[in-house]
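Note that the chains take the letters A, B, C, D and E in the order they are written out, and that residue 1 is the start of every chain.
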Amino acid sequence: MSAESINRSRAVDWSLRVYLVLAYLFIFAPIAASFVFSFNSDRFPSIPLGQFSLEWYKAVATDPLVWEGMGNTLVIGLVVGCVSTLLGFGAAYTDYRYNFFGKQIYMALALLPPTIPVIIMGLAMLAFLSRVNLSGQALSVVIAHVVICAPFAMAIIRLRLSQMDPALEPAAWNLGASEWATMRHVIVPFTKPAIFGALFITMAVSFDEFAIAWFVSGLNETLPVKVLGFLQGQVSPRINAIGTFVFVISMTLVILAQILLSGRVTPVTDDKE
Amino acid sequence: MRRAISIYGLTFSLPLLVWQVLFFVAPLVFLVALSFWTVKNFTMRPDFDPVNWVTMYGKPVFWQAYGITFALAASASVLASLLAFPCSYAIAFKLSDRARRWAVFLMVIPFFTSYLVRVYSWQIFLSDAGIVNVLLGQIGLGPYAMLNTPGATMVGYMTLSLPLVILLQLFSLVFIDRNLIEAAHNMRCGRLRTVFEVVIPSARTGLVIAALFCFILTFGDFVSPVYLGGGDPTTLSILITDTTKSGQQWPRAAVIALTMIGTLLAVAFVAVRFAYAGQAKGARK
Amino acid sequence: MQRDTLVSFEGVVKSFGTFVAVQKMDFEIKKGEFLAIMGSSGCGKTTTLRMLAGLEAPTEGTIRLSGKPINHLPTWQRDTPMVWQSLALFPFLNVRENVEFALKMRGVGKAERRRRAEQWLDRMQIMEFADRNIAQLSGGQRQRVALARSLVVEPEILLLDEPLSALDAALKVRMQSVLKNLQRETGITFVYVTHSQSEAFSMADRVVIMSRGVIEQIGTPQEIYGAPRTRFVADFLGSSNIFSGKVLKATTSAIEVETPDGPLTLTGQLAAPPRAGETATITVLDTKTHLSVTRPAGQTNVLPVRVIGEEFVGATATVYLETGKGQEIRVQKSHDELAGLPLDIGQELFAHWSPADGHLVAGA
Amino acid sequence: SDPTELTMLAWYGHAEPDIVAEFEAENNVKFVPKYYTGGDNMLGLISQSPAGTFDVILSDAEYVQALNAAGYVEELAPEDYALDDYFPEFQQFPGNWQDGKLFSLVTRFGFLGVAYNTDALTEAEASSYDVFWDPKLTGKVGHFDWHLPNLGQMSLLTGNKIPYDIDEAAWEAVKAKTLTLRPQIGGFFDYGGTFSSLNDGQMLAFAGIGDWITGVLEKNGAKVKSVIPEQGGLQWSECFSIGKGSAKADLAKKWIQYITSAKGQAKSAQMAAYPAIVPNAKGWEVLQAENPAEAKRQGMTKDAGNAMDMIRAGRIQYRQWPIQQDLETWNDFWSEYKGA
Amino acid sequence: MQRDTLVSFEGVVKSFGTFVAVQKMDFEIKKGEFLAIMGSSGCGKTTTLRMLAGLEAPTEGTIRLSGKPINHLPTWQRDTPMVWQSLALFPFLNVRENVEFALKMRGVGKAERRRRAEQWLDRMQIMEFADRNIAQLSGGQRQRVALARSLVVEPEILLLDEPLSALDAALKVRMQSVLKNLQRETGITFVYVTHSQSEAFSMADRVVIMSRGVIEQIGTPQEIYGAPRTRFVADFLGSSNIFSGKVLKATTSAIEVETPDGPLTLTGQLAAPPRAGETATITVLDTKTHLSVTRPAGQTNVLPVRVIGEEFVGATATVYLETGKGQEIRVQKSHDELAGLPLDIGQELFAHWSPADGHLVAGA
């Protein structure tokens, strides 16, 4: 619609835009503040600000526990990303390709976990995993995170598959490619951007998850669990420093995913009819 | 060809199924079993005793917390929906395509910053000597007690849910057929009236689903009520942690958790029914 | 019949940014007429209609309705209801509520609203679906709901933007007659945008043919089919073969034009013949173009051609041919007439027509 | 060679460099801590981890029995430790012994009283639990969110000599009195929340805590202090044990020896995370030599009215599980109180 | 020309659950022929093709390729390449890689693959786009890539499922001739599914007309157009008016049928005339049906009708009419022939035709 349209009111348009800016201010205020205070010398943040200081970053950087948490987070994130993407890919392909009795239940299992409140998930996971001697390890966090991350991977990859011309797979068979060859030469190349997208998004989700990880991580705490610890145990701007640091990493992953998901979009088929 | 599932098919279908049955269904089922266990002297014993259900459901505190949590989550859903609507409306209808893409991108960022860090940040804003009061003080107002009030909890809930609610609303608003809006204008329906007569009814499914997600998120959240609400009033999530503090009463915590899941499923069912009510299946076109 | 002017476009221009969608448009719509607007995709048909409906403001010029300028009247203050290609029925309202909508917006009371809506539901023969959901209706039924919804306020003018394009062939013909009857009975002015020549020519009193934001020709269907004013119109109607070239000789009764495929002649009454050396275009209907296996003796306008394809349309077939210079020629004949000809692809034939069947249009 | 890893389950701060660096260097050890946020949290963590996960466990005295009952800790040999250097009261510290066997060793303790903002209250005003009901504190009184210290203080206020050993009538009185405090309360906080809300003046008085929090804040320049009011105070105590099934029990023993020695005790008293009083008399001497100001601030001097004198004068009672009621009864009341 | 059988369907049935998509199908495809399959949407055309390609397994019956049953051979072990309506080109491969795909899957070496692919790229005149992305090609170019991709393995048979339906009219006619030439030159058997009568009739050697999973008629285009075997076929071709009724009298040279609109007669050579009292159907081409303002004197087969609409198709127009009993009648004529008639909607006219132009088809 053109700006000169006669059916719009400038006043309304501008007030809506102002409101929009206010909403973004609300949403970004805590993020920005955490960024600012991570460079503030005062231990108990308040205004006016103290001096600029890298003290909290130094504190974080010299804390071996933070590094260890960081290492755990990275390793767990990487494994969770890979496993979730693999499982999610399988489920997305299953949904795309097959129709079978009980498929709705299958799909419910594939999509429901993220809607269960994390505190309940954490409780149930800990209670269960400790019964089967799987709690308190990095593996426990991986298990729990895959449960909630696989649905994200599944959704992203399924979306990509639904953009695929349904004739593409049978066309490949018809040209002499077996099912496995078709998977390798057609399905995977086609969904590749979504696969990487899913990988990064699930890594980012795992990277930021603290509630379930707090329950099941035991000694192998991830960074977000450390943050929870800092918040519960000793208020310190280190929270801001870590938060800012994690934010930068997560955003890098998200932007990478974004580029992969939208960058190389090729029209799938020419428009029909 | 649609054959029966083959080895090839199972290779892709089974892993997720196995994983979710082992690590998602089993824990939830175990939670049900756990709620019938008993606790003596800090240790749990497998049992089949409804005592935990009887005790928890017999406590006024439990029902009170339940009522409060439900009311808080419901108000958060209404509030978030109301606050989000002008935003999603503006993004959908008042921005250029480019600006809209940016708006969506910016809205996604909060999902990747730690919720904990954001809540901690709000403490700095809301405390008696915090940023807001200092700013208000400079224009001669306040200080107001904001932290450790239900209002602060609500701020936390908005922090948690507003971006998601805006995105979900936006998703249904951008798919509204613009012709419907023009058609309404063309039939003497003014600007504001069109919002109520056309835009909201058209986007109803999305609006309800967005509110539902807000409800789900806030109903189970414990970070905001504790770190912004000062743990007062007691919500179900706080009650869960309190319960585990009274000598390893995990079975009772399980009762609370299961009650929460039941409530969420019921609310989701009602909301989805309402969201899709009156929409005949298999619309043509 | 001399009718009053209802709408006039006076020097109307519409630009989107730097792109000019409608250029200096001047024309009038008479009270009670059925006006069709045709033209290729993107030529500005919808834009013209939307300006009339108040959904776009003209960049320049004036649009008058019953003499009053309406350029800046918002759409909800005009009585110019429109029927959308997508119909734009409200999916969350049932049939009756859709039809009542415009009345509700005008503050008409409940009982009165119902009475007037039912009157139109009845008239459009959809009374029995009154309480159905829009999704439960067939294409034709929806079409009727859309009409009833716009007509319920009994406007002076109704704007229709390709209202039938989503229907299948049989339904299209049926709805055409519904529309045509409706227009005659109510006397409401119809402005009807369409892609379909068949629709425009069978329904409209006058047809407007547009190209790239400019009106190429306005006239009755007969005038336009018989005498396309420009090469664009001839091309657009698609029923003529078109040849351009330099004029060799020209009198008021005959003209000879040098085309890449050789000289072609045309005879007839020429009011203002072009001068020698100018460029001219000759069109000839595809039904008036003939084919033969051998070169017809003693005839002008004979071109050697090669078959490139054939298309069946009911009882007739269109043969697609090409001259040596790549000029496309179509010949439309009944199956019987084509029966004797070898029409394999690549087959060489001769196309020819009488100089009296040619027609001169302006420009190249 | 690579340092041996020693796992420690403890409150935040006990495995930070200011405490463990020296020991780590001397013994080529690397501590891997898991910090918990409450006794039940600690029990949960142990019960849900394989035996031997934690080599060293730091717990509050009242939980030692639970640890022992559940078989989570190893028995200790009294002769391994410098118990003789301890003040007599702590040599036979009841929380450490069970049926004549030693299961843990007290290493630090502190007193719980009234914590207050020195701008808002004078020390005299704060010297009674009644100050919580002061109208000028409405909405400004905070609770550390655990029933045991809070209800213990209420019990002291209602005149129970031994606050945790009360009959039903006394318990009803405690409950009634407590409920009247509810309108004054501004919130229920965990450690971090307590810390920040006292620091920034969000809360002006706090029940259920003591110098272990205000001491840290004081050091950072906040205007807060704790006093033991006239009705008496409570004592919390932290004890070290060796986790059952620990593969490094020897090293764990070495650590407990180190931290209960005079040198370790002085370090411990000045822990950066939160200060505390130590039970080792020799430790007091080392501290007085190293940091006389801190020794004085915490009352670990030879002066009259020092920490031991307060205990000996009967002004301080142990924090312990309720004796005549179930723990659950107290906790349920606490939940009810919070929801009131 | 007598040709060998390449494919035979023997009692082939295909059900999806309880729904029978193809019912007891028996027919043969000759080596080197161009067979078109037509029928209304959902009649089982694609299903038939997919069974041949091995993308669906028949529920019953046998499909043979060169005499061997292939029912249970997976598609990747057959040489029955298919060209899809959507083309199904691989968007992540360039043109050359697309064409090489089938060779790669057959394990053909790199150099050989390239050579053979280039040969076909060349033949389809798309060599210059070899390294382009699919998205960068026009519709016609993609079409050629799809053909090259299927033909590169030099199969005996090529299956095409509405390959041209996505193209615009002009391109469609061009590609038709490309396909037709290709088929002639290579001698590959083409099985061509289409909705378009024009396509089927102008390209195919034989046409199969299907309805609801059943073959209604197989024959050359001429046979089918001239003598539809069933009412469905006549209806489907859409070029005839159709009347059913009880037979009153019947001889081998004439028959009289009682329809709701009155008795109709038909003359001609009737091999097996129905008996009196049976139901029979008479069809008459719309081009052989005439209109007049007054009842033509002394004629049989005259029906009073009312105009319900008119459709323009190039040089001809189709008038839609209705008898008193609601029977629809179409009349197709050139504009000149219709010029004298009043064709306003609702106008009453008389439709009539010669008994010799009628045609008898089986059943009601």
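Here is the rule we use: a contact is a pair of C-beta atoms (placed from the backbone, for glycine too) under 8 Å apart; a residue touches a chain by one contact, two chains touch by 3 or more.
Composition by chain, UniProt nomenclature: A = ABC transporter permease; B = Spermidine/putrescine ABC transporter permease; C, E = ABC transporter ATP-binding protein.
Worth saying up front: this structure is predicted, and the values here are computed from it rather than measured.
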item: Taking each chain's C-alpha mean as its centre, the one farthest from chain C; value: D
item: Chains most often in contact, by C-beta pairs; value: A-B
item: Chain A and chain C: spacing of chain centres that average the CA atoms, whole Å; value: 54
item: Distance from chain E to chain B - Cα centre to Cα centre, in angstrom; value: 57
item: Between chain D and chain C, distance of the C-alpha-averaged centres to the nearest whole Å; value: 91
item: Cα-centroid distance, chain B relative to chain D, in whole angstrom; value: 38
item: Chain B residues counted as touching two or more neighbouring chains; value: 1, 127, 129-130, 185, 227, 250
item: Multi-partner residues of chain A (at least 2 other chains); value: 7, 46, 170, 179, 231, 235
item: Junction residues of chain C, two or more chains touched; value: 54-55, 74-76
item: Partner chain E, residues of chain A touching it in the complex; value: 165, 167-168, 170-179, 181, 185-186, 189-190, 192, 266-273
item: Touch list for chain A against partner chain B, complex; value: 1, 7-9, 12-13, 16-17, 19-20, 23-24, 26-31, 33-34, 37, 45-47, 86-91, 93-94, 97-100, 106, 109-110, 112-113, 115-121, 123-125, 127-129, 131, 143-144, 146-147, 150, 154, 170, 179-180, 183, 204, 208, 210-211, 224, 227-228, 231, 235, 239-240, 242-243, 246-247, 250-251, 253-254, 258
item: In the complex, chain B residues that touch chain A; value: 1-2, 5-6, 8-9, 11-17, 19-21, 23-28, 30-31, 34, 83-84, 86-87, 89-91, 94, 103, 105-110, 112-122, 124-125, 127, 129-131, 134, 158-159, 162-163, 166, 178, 185, 191, 216-217, 219-222, 227, 237, 240, 250, 253-254, 257, 260-261, 264, 268
item: Chain B contact footprint on chain D (complex, rising order); value: 38-41, 43-44, 47, 66, 69-70, 139, 142, 145-146, 185-190, 193, 196-197, 200-202, 327-328, 331-332, 334-336, 338-339
item: Chain D contact footprint on chain A (complex, rising order); value: 43-44, 46, 65, 126, 130, 133, 135-136, 218-219, 221, 229-235
